[in-house]
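Could you have a look at this structure, given as structure tokens, before my questions?
Naming follows writing order (A, B, C, D, E and F), and every chain is counted from residue 1.
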């Protein structure tokens, strides 16, 4: 199967991290492609920034979704992912969705560890919107600046490890390492953490493969079927075919 | 005070409805301006369409927010409104937020009546995201097509009235007439409905005036303060000043 | 419009604070009157004390509600306010309701800071009963005795300011300064706090003005319409006209 | 032990019903006394009426609580019962509390059947305030007028039975017959209903006996301990000893 | 009445504790019998161990339930208790159910103090499954090993007392001393704790007596009536009469 | 990888259905084995029956878990599955867990359609215990008897199809066909239902493969790590190695 990994951040170094970890996680015959946001910010930390990112995700999917069997929105917070399920006829999932599904199946309570204190509010709202708050054991964000979003997982490895151990001490039964910039960190430190560490990118690839294999096809009616036809104007080219389109 | 009413739909006729009802509701010395989406759909019914609308709201606010004391996102479902509170240094509210605050103060349980069955899912998710589900008594959408979104409130007046009476019978203590296309309908039918009818546009103007008079100023720290400075590219001109800006 | 501010505490000095802050918040042509509880305690801290206060609010409204366009129950915890919506044919709101509506529109999570640790339980139950727990970020009460409930906001200004800053540090996106005795404190310290401070009295006046301008009229049916006619005895004079009255 | 049964309604015929059913439920050596509200309405149906009733419950308890080991507030909706736990040094419970505790121990979901449609809103809010909504399967109120609140259980027996059977059909695992006017009905119809019927008065007596036997004594600190000493005025004689009292 | 106390742990010393405290709590004419698990662990700390314990509770009840008017599953976490309500035609309650009902009637928020940190997760899930989370103020488990589960309440008395006082300081309005091994501790330390201490065994006996006196009889239909007849094989002798039985 | 499919029912015909559908869903190199309950009932419909089934699941896993990389508890309601995560050092999932994770990733609200009305209560409690109620749109059970649990999906195909269409009409965005006896039905009717149909067995195999590929290893500490060592007696042979074992 052919999968598209969309980095809604403009950072090419993060796209590389995503691709490498996705390749490790994927089935042997899964073909992976990547796309990086052309407009936006270096890394998305807030719901406001996510408004811009979600639009860019839609623009990218509008252009090329018909070349893929499924797509990952490879940023935690899942900008545009839930809404893309409705608009595009292929399975689309976000890193948060995938990581929460993994945590759900592992059982117990999950904590989230990420690269920024500011970003915690957005993650928490995302968990709530997805309906998984009952199993959520809190967020812990890196409290200090970092040099490069493409290597923060290496740079702050030891601090992030201590943050994980602290969450375990406080009762977390699994820990999600949140955000594409931390892709791969779970493998690096899992031997030192006594509960499962969940990698968002790896989870997303495996979960998306499961969805593509289930072969459900797009919804034909209801709240998550394609938007109804109606007048529209000035939409990005790819989107005008799927939003407000005339049948 | 100067207030901006943003219609995130592309329908100029709906903008006229919004403006007329807003003028009726506003204090005598409130100055009102309107803006209509340049890209998007005739009326937003789904979270997918709202991704496009939220981006357009951001583009409009990015261009002209510094000319106003506050802004209304004049569509139910509030595309971009919650996120705009963080990004822009003026009060911004959506029709849902304003109508829910009105219903909250009136007490008891509120129902929502709107112009489309499909749109109910989005409204329900919006109520949940705003944290008001405990007081929510359900949605009822118009089950038939209409000719013109700019006059659906006139065209389907009697059906909408019966829908309101049905919700009262089922226990609603107030009813929100949802969606900018229904602006003004509350005044038309309130004598025939035994509980308060809440007009989203009127509520938004009055509530926004209250917020502007409270004069809080923008947050200087925390999850809803301006996004942190960081590298960015290709943002619409106005947005590049407020998202990912360098200090 | 003519508004009544009811102080359900017996403290005349608190009534003065309420009146002064209400006057600052009100529209130029709003006429304000005050009433102070004749029976009760110096300041209400518990649900048990609120039973007495709610009855006194009802007695006062029973006597004079027909002279006003709306009324504020000017104590946090809102003794009798929610129930008065049903019994009296004018809009009635409590300080908690008004402050929560303000916090709701400002977005994010709100904390509450008040003058007593004991009072926190009652406030928390009030927030829950109003259905706003999802946005609630906790209560912090003054941990020490004060000399005079009419000037506690001046006396403990610096401590209260530090309590506010602590809540911001812990993630509050706005802070409600709770209780009529703190009326006006928000203006005094807002320059030193990086998120909006919500004054209950100011919020209540502005929100009540919005409600009166919306001109909904009393409910004619349903759970919040006037109580049904039935036999009654020994009610305070004003109440016997509105509770259990014969049609 | 000596128990007081307080009827917060002014209807002496309902007091008789309460007393008869309580006597049937009580342990052989339990001594029962009754008190009937001197001011108030024939039967309480709304939160507004309950404001008056709660005050009357407090007045009665203020006068004579020291003659009893415990007290029942013998009206569903529990006017003043929760607050009395704080103010008075003996166990006090309401019919709703007792019936919910019985339903809780029986397991599964409980429905409530009562004598008035209007009263449902108040009961539902009471269940929510007590934190038992998760097990609640809905309310069904008698949809027609009745001649005498003291004999409505006899008069409308067959209709109430059908209402119970309907709730069973809809999934209720037990049914609370709500309101003191229905005291004793459970015994009359239990053979015809395939799930447990819970009598509020019987439950309250048995549960209060359990509490008195547990001999906990009043709380000495915390949110439910006696209200702190403070200035007060014009309280009913008995209340001035327990509310705002000087140490 | 004849009541059976089932200790789902294999520890005879704990059975003795249970019996002694039950005798103190019971009505004079209540006859008590005990049964101790034949297979299982010394004390149940986890949901996994409870799977084994629940089966043993079912085996014991299957053998002898028809000799009793009611049964207590005398372990916190209530292994098999909720399910036994459905399968066996007598009232069955667990220590958690009984203690929560007691806390519910005492009002306010309850905390739980127990003998193991590990056990907290299971207790918390039990409180949630019973629908009482809204009133729950947290769990605090003994952080150190103990010599003998049959005397841990004596051995660690002072530490457990300090743990209780800490929960009061943090806002608990009552405290449940959880687990059969702590039976009787409440009496030992109640004079030193300013809020009610709830003994699970004592609560269970008193609550079960209340249920037996209410004389509801088994459900004849619905989700908690006896399991439908169907083919089965190899069930323990007593169970084959009540599970999957042929009518 | 080697996976074990445990049928906690005693019906060999259902085991065959499970195996066939699992084989269709599995990756080419996944090796599947099955085990059928030796004691229990023909099909589990209630929490009481699940107590017996959970114990049997534990007995089977105790005997042979070390021969497999993961195991599916192939009954909806997941008897013993959540608890097995703690006790056994391999990934174990239930059909409900797997189906809910699939529905979660598909987005929107899921309904459940199953073979018995009685079973709905247990499924609903299972959804709640797993923390997924927020996305749950209700259960619909077959209202009539069937001849053979191993072919009910064929026998009642058309009725089950209509039940699915009814749930779509009521707003379900996906539908879980619940219970091992319906394994394979989704493929049979998916062309006639306009939203995704989720097969529990297929979901479980794909999700378990994802978990095994993630290679987390057992937890070494916390609430879901192996139960602590302690005295035990009379456990089934395999269990005595993993429950209450001495280190």
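Note that contacts are C-beta pairs under 8 Å (C-beta built on N, C-alpha and C of every residue); 3 or more make two chains touch, one makes a residue touch a chain.
What you see is a predicted model, and the numbers here were worked out from it, not measured in a lab.
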Query raised in the report: Shared interface numbers for subunit E and subunit F above half of all numbers used, same, or below, different?
Result: same
Requested in this report: Would you mind checking which chain's C-alpha centre is most distant from the centre of subunit D?
Outcome: A
Query raised in the report: So what's the Cα centroid distance for subunit B and subunit E, whole Å?
Result: 52
Report summary line: subunit A and subunit F have mean C-alpha positions lying a whole-number Å distance apart equal to 27
Query - Separation of mean Cα positions, subunit F and subunit B [Å, integer] - result: 44
Query raised in the report: Going by the touch rule set out above, which residues of subunit D reach two or more other chains?
Result: 82, 86, 108, 121, 171, 223-224
Requested in this report: Show which residues of subunit B lie in contact with subunit A when the two form their complex.
Outcome: 10, 38-43, 45-52, 54-55, 58, 80, 82-84, 86-87, 118, 120-122, 125, 128-129, 223-224, 227-228, 230-235, 239, 243-244
**Report entry** Complex interface listing, subunit C residues touching subunit B
**Finding:** 25, 27, 82, 85-86, 91, 93, 97-98, 100-102, 104-109, 130-135, 168, 171-173, 190, 194-198, 202-203, 206-207, 209-211, 213-214, 216-217, 219-225
